[in-house]
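Okay, handing you the structure first.
Labels for the chains are A, B, C and D, by order of writing; each one numbers its residues from 1.
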Amino acid sequence: METIISIKPLLAVLVSLFVIPVLVSSSGKPNVRESWIFVAGAIKLVLVLSMLPVILGGKQIVLTLFEIAPGAAIAFRVDGLGMLFAIVAASLYIVTSIYSIGYMRGLNEHGQTRFVSFFALAISATIGAAFSANLLTLYLFYEILSLATYPLVTHHQDATSRISGRRYLTFILGTSIALVLPAMIYCYHVTGTLEFSTAGIFTGQLSKPAALVLLLMFVFGFAKAGIMPFHTWLPAAMVAPTPVSALLHAVAVVKVGVFSIVRVITGIFGVDLLADFNLGVVVMSIASVTILVSSCIALSQDELKRRLAYSTISQLSYIIFGVALLSPQGLTGGVIHIAMHAFGKITLFFCAGAIFVATGKKYISQMQGLGKKMPFTFAAFFVGALGVIGLPPTGGFYSKWNLILGTLEAQQTIFMLVLLVSSFLNAFYFLPIVFKAFFGKSEEEDNKTPVKIQEANLCLVIPLIITAIISVVLFFYPTMFVNLIKIGLSI
Amino acid sequence: MDNYPALIVITPLLAALLAGIAAWTEERLSYPIALIGLAVSMFAAFKVLMQVITSGTINYRMAGWAPPMGIEYTIDLLNAMVLLIVASIAFFNLIASYKSVEQETSDRAGSFYAIYLLFVTGLLGVTATGDLFNLYVLIEITSLTSYTMVALGDRDRGPLASLNYIFIGVIGASFYLLGVGYLYLKTGSLNMVDVANILSGLHGSSTILVAFILCMLGIWIKMALFPMHVWLPNAYSYSPVAFARIVAPLMTKVMVYVMIRLMITVFGLDYIFETLNLSEAVVWLATFAIIAGAVMALAQKNLKKMLAYIIVCEIGYMVGGAWMGNQLGMTGAILHILNDALMTFALFLAVGSMVYKLKRVDFIDLKGLFGKMPWTMAGFVLAAFSIIGVPPTCGFFSKWYLILGAFEAGAYHFAAALVISSLICAVLFFKVFEICFFEPMPEGHGHEDSSSHVAIEEAPLSMLIVSGLVSISLVVAGLYSGTIVNTIILPFLQ
Amino acid sequence: MTDLLTLIVAKYNYWLYVILMMIGLYAMIAKNNLIKKLVGMNIFQTAIILFYVSIGYKRDATIPIIQNAHGGNDTHAAVIHAVDYINPLPHVLMLTAIVVSVATFGVAMALAVRVYQRYQTLEEDELRMRLVDIGPEK
Amino acid sequence: MKFLGFIIVCLTGALLLYGTGEFPGWGDPHSPASIHLSNDYIEKAVEQTQVPNLVTAVLADYRGFDTMFETAVVFCAGLACFLLLRDFKEKKERFYRHTPTGVILHVKDSKKVLKTGKEFEHMDKDWVPSDLIIKTICRILIPFIQIYALYVVAHGDFSPGGGFQGGVIFGSSLILLAISYDLKVLVKRVKEKILGIFAAIGVLIYVGIAAICMPMGGNFLDYSKLAPLVPGDPHHIRALGMLGVEIGVGIAVTAVMVIIYINIVSEGRHEEGL
């Protein structure tokens, strides 16, 4: 494959890193600070997009920075998959920035400079992970992301966030050190390289049991993907301010986890090797359990953000499920779900945050009748929910369609049932919220003490409308993403 | 003739003497004298390293006598690297220490600097020398100075800790001396290279075996390998910060260097790994050292103590790597000498700043430190990440080589120990971070207007600048570890 | 038994040094009084000195000061036989080791004085109790 | 602890004895230690250094680098004792003796200082009337001891002796002064500052002589390069260089011996003690 050496991926990573000192130095002037965030975000998006034509043209952009050991360098390589992820992350970052200004100022949170700085660091790490050329680099950015998000999750600095932060790190850092690190070094020890390649790096050095153990170490080790039983950090992390939950725990953090697993399956083991050993089924089974169990748990959650979190856990497993099908359709469906779910879920989180800022309500049972007062928010919520359930006219439909085709293609009919059942569960835990919001009676009406509730401020509403619209648009124009996936996985 | 190798060691000694004189006449001069002495030494060390990289090993004959009659400095890539580390850490610590010394030992600062310089002289000499007995003398200089320094710290417990340190230290040094005696008796020589040549014909000898065991035991006691570590935690945590900051990163690392030097240059890896076949036992010992150090660190309630036990744990890394019996493990051990020196230095710099401001560093004293000393804490956090082994800090990369070496040697228990100790270190440091970050708990949600703002009380600028430089060097050393391995360590090992 | 005895007699100097060293080491480890420990330390170091010096010994040889070498000019005339003089090197090394041990002893004594000033005792068990008394450590 | 100690000691002893199994017999002239380097030293040293005392030759020339650090160790010990013990605080209570009557005054007010001289004499808490016989004998002995010390230093090239030995003898003569009179007499004669400076200067002489060799074009410690600086027979320059460093060593050792003694006996207060 033709490669181009360019510094652009590095710049795209570093741009939000460089802006951090500026942010810190302008901490007294919120307006200046926030305009810098936009500048950095815009530059980042432009840089990412400027690489898009090259990638769509079937080429790759590479850049090797530091050779640590032969075959293990800190290097970037932009391919289709990475590009897809980077576009999603970079574009949503800008939207979230708008949202977070509204949210943080709306609630008059403390430590806003710290917040935006670590936010920028986190997004840098996300882009870095997307563009990683090998497992070492991926691991590097994975760890940076874990640590950069810790102060975001524990932003409130109170007892609850302390406990949640502890759980967050225990699962994310613990698994990555205990499982991924040895597995990665073992791979290097066996093969002498960690470079991603579609054929896989193993050339017959691996027996089936060893492959199984390694695969499990990776799948569970990248705990950001929320595979059960390493999922509990995600609901715990919902103590964070909503912009963090929205971008990081619906897009960046969790998707980096999933993306890492996708990379390992497609780039380290190689689809063929796993198919030979028939290991896809193992991963699929694990993913199926997670999908079903977490969907059921989601049903029982009353706090909106926690329900969203459990929904996220199940949706992440869709992606892993799809990739583990090891068939072209399944791969496409799985990977494209990264994008589709991202737009859908971020809309939902935005809505949750907007409701909280406008009304102070966190629990679903309190939200009856709110739809009439916050029509835009709940409309967007509806669209987002459709996206996550996988119904037209949203992009979510496209990915779910592909997944189901994939199960048929791989002749795994039982697993198709899993998908269908879970879609029903999705519908059960989302649609009633919308229904009750629009048609239910609010508490205020009962009490006859009307409190004036209206839409949250514009900074909050505009982003969620934008993401909802994109969700719909993706239903009609998924082609670009599909092409990126085809190029990235050469299928 | 190039005199840089001698200058590295001599200038600190000269400076120590001048500072000793200045202590009685014009005390203000002793600090600049010390600074100049170490700067020259650092420059010479840098020159020597460059020279060694470009044109190979340097042999410098003291008094012009050819070895084995005279004492020779044999500076190859390994020495040169360690020399530069020692000289530069000593120099930068001196910059950071001015205020601490003023605070802790103001009435006899001149003598303090003299002892400090003698300590550095000892470390540099230990590193540079190619003579077994010269090594002993210089080890004694470092030990004697550290005994003194330890006693100068905590008024209540320092002298007692130091006295216990003396007993164990003397046993260690004497064992080494005995080992050298046994070697001398069998070979008749004291020059390392010469001894090695003669030894190659004596592999089966029981005397040589005993000599080897004695040397190793002596060095292990000096480097505080578990279970011979009992002196270290007290000694390090009771010494004055200016000294703790240099002894913690350097002393054990230089002893690890000595061990590697003895293994490679004097006894030869063939002898150790093929004739004696001791690798497995020592790697197990190192594994226990790692786990034990980490677990004991968990039990501590004082930051200095905790770090001291982490050093015990890190020693296990290096010993295990060196005894792995393969090139990767040795590479990891040597790389970790550099990296661990840097990270420990960074940690102790931060702790030094905290002690300067807070006087005590029990965990309960650290509340709200992120607000109070944000820059110090930034350095501390980065160093902690390096200890945990988070890329791209340098700690990750030496761990990488060590684990690779363990896989290659089939020592999976050692790899597991490394991983477990990383996890424990993560717990340790996040325990500290939590205290610094969450306590005192703000009431309800801290809001911008509420009084959650703590006045910033940072350490003096000199400490912060050094801390910043070292923190950056952690990342730089990490990213360039490939270069370091390729230009220094691999050529040395081949 | 006789074999062992002859072995001991043939190398009795080494046996003596080992016994001396064991005494010193035992005192350092097991004694309760810090000064006694210091004495043990000195015995230990003396044992090593004994060991080195006995390495240097050579039968039928004299101290390593070359005879008839005063003045310098006729040194070339005098033939020096290496067998006539004992090995100077161990003596040199031990001069250094003695100085080191004296220096260490000096520092240790100074520390003992400091400990005594602070706690009024040099018995280890009492010291341990005093340490408990002064409360949690700094 | 005792039992554990015993086991450790036995293990160490057994290890050491195991090592002696292959030792050459005691005094064997053909043992490696007696052949390899030893013969080189014995046969070449006089020719190369013009010093017939081989121990001195090896100590100050071949292994002069070791000895330099050895001196540094001595310096370090002195410095350590000073740093650890020296207590500059004024004492709270004082004792005076009224010389004509022998009445002893105990002054508890730290600010009240009596003028010492003919009438009053400053004294220790545990003062013992000094013995006239001891005082007189020591007064006579001390100069001879000191002369002997100088001889030992100066003649170290030719007979047993040298800087360390001479220094220790000289130092003990001063200590004898302190013992026979009392500490204050010594401290008054030999000021603490002088001792401190001399300890450093002694080592500095050594390091200085060694370092001058470098700008003269030699390696560190290479006395032969000093020839242009020193009048006299260049043939003997190494011997002269050794004498120079031995003098430095002597000074340093003397000073440090006294420093250690003063600080330890008076617990660092320099006012009273043995």
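Basically, a residue touches a chain if its C-beta (ideal position, glycine included) is under 8 Å from a C-beta of that chain, and two chains touch if they have at least 3 such contacts.
Being a predicted model, the structure only gives us computed values, none of them experimental.
Here the chain-to-chain distance from subunit A to subunit D, counted in touching steps, is 2.
Across the two interfaces under comparison, C-D and B-C, the one joined by more C-beta contacts turns out to be C-D.
A simple rule picks the central chain: find each chain's mean C-alpha point, then take the one closest to the mean of all protein C-alpha atoms, which gives B.
Each chain gets a centre from the mean of its Cα atoms; for subunit A and subunit C, those two points are 70 Å apart.
Centroids built from CA atoms put subunit D at 18 Å from subunit C.
Measuring from the averaged C-alpha position of subunit B to that of subunit C gives a distance of 29 Å.
Subunit B and subunit D have Cα centroids lying 32 Å from one another. Multi-chain contact residues of subunit A (touching two or more other chains) are absent.
Shown for subunit B are the residues that touch two or more other chains, namely 133, 137, 140, 144, 147-148, 151, 159, 178, 184-185, 190. Counting partner chains per residue, subunit D has residues 16, 20, 23, 31, 33-34, 37-38, 41, 63, 66, 70, 73, 76-77, 80, 84 touching two or more of them. Chains touching one another form the pairs A-B, B-C, B-D, C-D. Interface of subunit C with subunit B (complex): residues 25, 28, 34, 37, 41, 44-45, 48, 51-52, 55, 89-90, 93, 96-97, 100, 103-104, 107-108, 111-112, 114-115, 118, 127, 131, 134, 136-138. Across the complex, subunit B is touched by residues 15-16, 18-24, 31-38, 40-41, 44, 61-66, 68-70, 72-73, 75-77, 79-80, 82-84, 86, 88, 193, 196-197, 199-201, 203-204, 207, 210-211, 214, 217-224 of subunit D. Within the complex formed with subunit D, the subunit C residues making contact are 10-15, 18-19, 21-22, 25-26, 29-30, 54-61, 63-67, 69-70, 72, 75-76, 80, 82-83, 85-93, 95-96, 99-100, 102-104, 106-107, 109-111, 113-114, 117.
The touching residues of subunit B, counted against subunit D in their complex, run 1, 3, 6, 10, 13-14, 16-18, 20-21, 23-25, 60-65, 68-71, 107-108, 111-112, 114-115, 118, 121, 125, 131, 133-134, 137-138, 140-141, 144-145, 147-148, 151-152, 159, 178, 182, 184-190, 198, 205-207, 209-211, 213-214. Within the complex formed with subunit C, the residues of subunit D that make contact are 1-2, 4-6, 8-10, 12-13, 16-17, 20, 23, 25-29, 31, 33-34, 37-39, 41-43, 45-47, 50, 52-55, 57-59, 63, 66-67, 70, 73-74, 76-78, 80-81, 84-85, 158-160, 164, 235-236, 260, 263-264, 267-268.
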